[in-house]
Amino acid sequence: MTHKNRIGNLFSLTSFGESHGPAIGGIIDGMPAGVKIDLERLQQEVNRRRPGQGGVSSTRNEVDEVEILSGIMDGVTLGTPIGFIIRNRDQRSEDYEHLKDVYRPSHADFTYQAKYGIRDHRGGGRASARETATRVVAGALAKQVLEVMGITINAQSITNLAEVPQGDTIGGVVICIIKGVEPGIGEPVFGKLSAQLAEAMMSIPAAKGFEIGLGFDFVNHRGSEVLDKWVVKDGKITTETNHSGGIQGGISNGNDICIKVAFKPVATLMQPVQGIDKDGEAVTIEPRGRHDVCVVPRAVPVVEAMAAIVILDNILISRASKL
Amino acid sequence: MTHKNRIGNLFSLTSFGESHGPAIGGIIDGMPAGVKIDLERLQQEVNRRRPGQGGVSSTRNEVDEVEILSGIMDGVTLGTPIGFIIRNRDQRSEDYEHLKDVYRPSHADFTYQAKYGIRDHRGGGRASARETATRVVAGALAKQVLEVMGITINAQSITNLAEVPQGDTIGGVVICIIKGVEPGIGEPVFGKLSAQLAEAMMSIPAAKGFEIGLGFDFVNHRGSEVLDKWVVKDGKITTETNHSGGIQGGISNGNDICIKVAFKPVATLMQPVQGIDKDGEAVTIEPRGRHDVCVVPRAVPVVEAMAAIVILDNILISRASKL
Amino acid sequence: MTHKNRIGNLFSLTSFGESHGPAIGGIIDGMPAGVKIDLERLQQEVNRRRPGQGGVSSTRNEVDEVEILSGIMDGVTLGTPIGFIIRNRDQRSEDYEHLKDVYRPSHADFTYQAKYGIRDHRGGGRASARETATRVVAGALAKQVLEVMGITINAQSITNLAEVPQGDTIGGVVICIIKGVEPGIGEPVFGKLSAQLAEAMMSIPAAKGFEIGLGFDFVNHRGSEVLDKWVVKDGKITTETNHSGGIQGGISNGNDICIKVAFKPVATLMQPVQGIDKDGEAVTIEPRGRHDVCVVPRAVPVVEAMAAIVILDNILISRASKL
Amino acid sequence: MTHKNRIGNLFSLTSFGESHGPAIGGIIDGMPAGVKIDLERLQQEVNRRRPGQGGVSSTRNEVDEVEILSGIMDGVTLGTPIGFIIRNRDQRSEDYEHLKDVYRPSHADFTYQAKYGIRDHRGGGRASARETATRVVAGALAKQVLEVMGITINAQSITNLAEVPQGDTIGGVVICIIKGVEPGIGEPVFGKLSAQLAEAMMSIPAAKGFEIGLGFDFVNHRGSEVLDKWVVKDGKITTETNHSGGIQGGISNGNDICIKVAFKPVATLMQPVQGIDKDGEAVTIEPRGRHDVCVVPRAVPVVEAMAAIVILDNILISRASKL
């Protein structure tokens, strides 16, 4: 079962935690032994996801302090699972009492209730974007391994914050470029590297679209315009153009892997919206609590983290490809 | 290991086969027992994927005759794995002899060679779109189960065939709508239904983009414009609009699930193109063999099949959600 | 990857933790929603595993206080993953300093070093039987679900403690009987219920043998003597005898499931033993620390826990067997 | 889902097939690329499993001709999945018509019916030992890879055939020794190599007990008697004795891996036995068809095959243990 609260195969993250419970956390399994870990940089990576980045995010003052509980001794990985927790603080659960029996529009309230017959209504519970902090922890560790292998991952967000009127929200796009992956990484058929990246990215809250290389723009071109011609550079075979985004037939070709993820506008507005209660009665929900105007800048480290998890997992798997 | 030649968890397809070997085939595991199967309709579904659909596809005369080897007795599923094969015929392997040591542009020749150090160069080998026939077999069976549950899946292609000059190729988009999925299907966090659909679709050869609901168009709207308001219809809570595409927080909300997949133009042109050989020398590849001008109409049953596999798998998994 | 630090499919435990790190813990994924949990009974179950049971175990005063971090709200399961930790206390790491570069006989020191090139030498690190506390937590929760279904699991140990001279150790056998499992649970072929139970039991530290029903004693009987004849009891088909131990063809037949697990003697003796250092030099290891004379009584709740995990997982999986 | 019709992780076998359907077969996924395969030796290995070995087995004249359909080109593995089928012949399905609604004692008739609500009653259907032929195919391929690595696997059976009166059956024990596995193979905690071997062996039809090293005999010894002392041989650290059976803490220590599997007597007797029909009425079953007096000699190649699958899978996984 890959598809519950776990992602990855040889290198994997299993996560837990409701937004307003005692803590969130996870277990990173399959981290290779013998890797020097810089825990300060790990914490900095997690801090990038915090609210208050650039004035556009929620004012909730989360202290996402990562506590590592196993798998690292004297700053070096043991090869055993890395357990970690992040305590929830500053929760103001009472802000959510009025939402106990109400389904907000474009939130997961109704769908969780339908699936489980019960839900933690406080701050989105398990559906809260807060769970992404655990992804960043795993991603930060994966990145430090990838760095040793000469692989870098960089994402940036594109949004139109200037145009948002007070009380409304917007979405945006995150572009991510992965450099240094050698040719031959990824699985054919169902486990195409592009497919795994798509799954990983679309599992981020509010993600609604995914592209690799030219993506949907391929539709506007003829085949003869978008073939990636082979060239030899520094003694290595590579492609002159990179319309494919670094992956052909699901397997890396050595060029940069370029992906794009679309995020919808935050569903919690700072204006009254109409919800429905469990009996089907309309309910007006007044704005309360603290919320992001735009989630996209905070999604940047999450996108990088998911990319790092997928790439490291596939590099480890690829060690078994040949005799 | 989800990510080799298998997709799905409780309901899964494991596939095998090179384009020019003796046969392709697969094993469908987890088919519930007691389902009446119409094998003629299954064969018709597979025929939809054949070349020669609408005059735009390759002229290769594949006879994709499905031979079921187990798991079905007297037209009823036994609950045991369904093994099947499709013999390869009309292969003309000699058409490919000149490609033995050549990497074609925007094909998987180079990447397979990098990954495995060896490859079957005939007709793309394992990277051939021919493997998608096995997906259609599994999807056709899944569809027959879903039909009993009142679920239908319909896709259609959008392409601009009229504009393609002779010898060139184009891509296109496939839109797929899944009706009748009850609320509560899908997993939270990493196994979001949208994420699983994204992975399944992006694993189809030539797929380069994925959207659910408004997808990338969400970027052009404010939150207040795209909230899906709740309404009660026929005694059931549902949404008035469906910008989300039927999924919220990764879980179905009962409305139609609407997805879009972008496919790049076929990389094999019927005109000379430049490749490279294993020593880095440029090679001109003359057009030979038989190839699609546009793969998108043939991708329609494949998209439907992948949707059916994901949806059935998740419905079975959801049976364990509650006590 | 089932085979790292995870067991189970739809219901699973992923665990982490070294014996002398800050904490051990785990994530229980797939717990059905809506189950009332008695946390006091859970803690009592964990206490059964503690040292000092019956005077035969180590005197280490472990306070195995389970802290539940998610997945349960107001005493009811949410269907979301249950994260938990147990802090390590009273560690006396300095007791182990002399073992840093020494491989003890019949311990995992050498094999961990060979596998990872590094190890936490303090108290066995990840190889410590201390990790079994996390199994008991998962098992205790599974048991509470099984109880609602009318299923009970009871194990007992058989050892010969009277005969152990001071400073030596012994092993023993644990017998476990599972009552109330309805017919039809378990998978055929590779996932036989007996095979899954064998794996689960043999994964307990020091386990060296497994039997179901007559086990190795089947060798001493002819087929005609050990057929389990069918009878009808209380309107249900069942077997008169139970030589098979409740499982036929890998699937439960409704009768009691009876298994036996053999444990080797504890490898840490309270007398000088000969080890070897990393350079191959013989080293005499003087007894230090606190250790069990016999681990078997403490293994009883662990055996029950593993049985509970396997049975619940398979009951959930079986919900998908039929249309 | 490991636990349906699949075994293994990086190297895996998924199998299908009823005893009296058109064919049985499987897909071997994860075979490393570049391995030279001797297909004649593969066929010979499968022949070892055929009836008529030593006059003690059934007289059914199965022609287990393996047809490889993919994954091997010019005798070398491609790294892609290896699909294969074995046609069923000489089936005499009419021999089983009288068993359609009858549950034989100590067979899987009743349990399959309970699980699926339907079953193929002919020759045991999916529960037939005939499925083990697919295990031998996968095992034979795994063995050829292991051979290159210097690893050999040899099993032998111990039975008391002389004492069986005409019309009865007996069981027996298979001992298997695996030589040449380097230290460091296997996973800690749930995926102990011993646990994986136990699962693999207990998944063989009629297997009822498993031991590693001294197994249940450990109970008769004190710790001081069964410690495996370290010695240096040929410049390598190894153990003087091998009570542990080559595995400590779930990980190989470089010494021979020694396991034992107990098989119950064949449940089909050549004398009248009492069954029960679906309405609970007693039915006398007259002997018919062709059946083994003792299955154990035929289990020898199956035990070797399962060992080979587990060992190769774990060697591939171990490549990801360290940076």
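Which chain is which? They are A, B, C and D, in the order written, and residues in each are numbered from 1.
The rule is simple: contacts are C-beta pairs under 8 Å (C-beta built on N, C-alpha and C of every residue); 3 or more make two chains touch, one makes a residue touch a chain.
Worth saying up front: this structure is predicted, and the values here are computed from it rather than measured.
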item	value
Any chain in contact with chain C as well as chain D	A, B
Maximum centroid distance from chain C, chain identifier (CA atoms)	B
Interface copy of C-D among A-D, A-B or A-C, judged by whether over half of the contact pairs recur	A-B
Chain pair with the higher count of C-beta pairs in contact (B-D, A-B)	A-B
Interchain centroid distance [CA atoms averaged], chain B/chain C, Å	42
Distance from chain B to chain A - Cα centre to Cα centre, in angstrom	25
For chain B paired with chain D, centre-to-centre distance based on mean C-alpha positions, whole Å	35
Residues of chain A touching at least two other chains	1, 4-6, 9-10, 15, 30, 33-34, 79-80, 115-117, 126, 188, 317, 321-322
Residue ranges of chain B in contact with chain D within the complex	1, 4-6, 9-10, 12, 14-18, 21-27, 29-30, 33-34, 67-71, 73, 76-83, 85, 115-120, 125-126
Sites on chain D touched by chain C in the complex	1-7, 9, 15, 103, 105-108, 110-112, 114-117, 126-127, 131, 164-165, 168-173, 182-192, 194-203, 205, 207-216, 218-219, 221-224, 226-232, 237, 239, 243-245, 247-254, 262-267, 269, 271, 273-276, 280, 282, 314, 317-318, 321-322
Residue ranges of chain B touching chain C (in the complex, touch as defined)	1, 10-11, 30, 32-35, 79-80, 145, 148, 188, 316-317, 319-323
